[in-house]
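Got a structure for you, written out below as structure tokens; questions coming shortly.
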């Protein structure tokens, strides 16, 4: 897995979505599709506040894609 | 896989759940969903005491997400 | 995962498709097949503008293959 | 994958099961569930003597979890 | 993933198939089976000219096996 | 993935099977089960001569387990 470099465009884009409290679709390698707002990210995980109110600690290695809503 | 850095927010969050004996849902890449209390974590694994009383050594690379209950 | 070296033929080929706004099929490990134009790439992700108009941040580790259209 | 550090709690726990000839369930990423006694472990594999008498060299990267029996 | 060392027997074997324009079966982690001639390889990908005439950039991490035809 | 260290018990065991021309079952992450004799191994692959006479270059990262026959 690439080293976690906060200067990367992809890391900055996620940081922007966090700042904007942007709702995103989160597709996982198990084919789960979660929906929510990303609270924070670190080299190992992203922390998602799901629309259901549930908080979920997601392993970065299991992420397939993120789709911002609207 | 990111180096295991105990200062990471995600590692600290799991450590907090361990301290609080928080019950969590553990989703694995095989689509298994285990439920229990995390006893400890290290760079390779987390050790889960399942609600069934069974102890399970789970490889970190197979973790998809953790959801704290309640 | 190989270090992200912008001199690699595969990285340069994707860069060429970005410059040419080439439409590509994107096959993911979940068997999803997305179609669109790659806006940019970095060591962790590629950013795809799907034909549906949706933008999607795709993790490089979940890429299986890219097929240029036409 | 984390460096193989024999001081890790998870490595020591497996070593204990080896010493005690503890029967374990071994869940793999293909959803296979093998049952047997671990003969030895190294940074790449674990070597399992299955209850059927078959010996099986299992890649560490394909391990999901180990459950000690009884 | 092992560092990409052009001296490896496996890398040299693929290079030989490239030189010989050998047709190969390419099995991917999504269970796709592609058939074609490998045009080139680099640390991240192999570039395949499929029998259908389609060119496909395949991520090395998604390769399961290659079978030379005939 | 662990560095390829020819001193590892698991690497030496495979080397022994190669020397003995031992027939093995090879389980892959796609759930394929190949059967044959391993001709050689390197840090990236193992090269298998299948019972069907077909030679197959298998990526080490896609190996789940090896079972020696008989």
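Here the chain labels run A, B, C, D, E and F in written order, and each chain numbers its own residues starting at 1.
The criterion applied here is as follows: contacts are C-beta pairs under 8 Å (C-beta built on N, C-alpha and C of every residue); 3 or more make two chains touch, one makes a residue touch a chain.
For reference, the UniProt names are A, B, C, D, E, F = Hfq-related domain-containing protein.
Everything numeric in this text was worked out from a predicted model, so none of it was measured.
Number of steps on the shortest path from chain B to chain E, with steps defined by chain touch: 3. The most distant chain from chain D is C, comparing centres defined as mean Cα coordinates. Among the remaining chains, F is positioned farthest from chain A, on the basis of C-alpha centroids. A rotation of 60° superposes the C-alpha trace of chain E on that of chain F, rounded to the nearest 5. Centroids of chain D and chain F (each the mean of its C-alpha atoms) stand 19 Å apart.
Computed centre separation for the pair chain B/chain F is 32 angstrom, with centres defined by C-alpha atoms. Each of the following residues of chain D touches two or more other chains: 1, 29, 60-61. Contact topology of the protein chains: cyclic, one closed ring where each chain has exactly two touching partners.
Order of chains round the ring, from chain E towards chain F, by the touch criterion defined above: E, F, D, B, A, C. On the chain F side of its complex with chain D, the touching residues are 1-3, 5, 8-11, 13-14, 27, 29, 31, 60-61, 63-68. Chain A meets chain B in the complex at residues 1, 4, 28-30, 32, 34, 40, 42-45, 47, 54-62.
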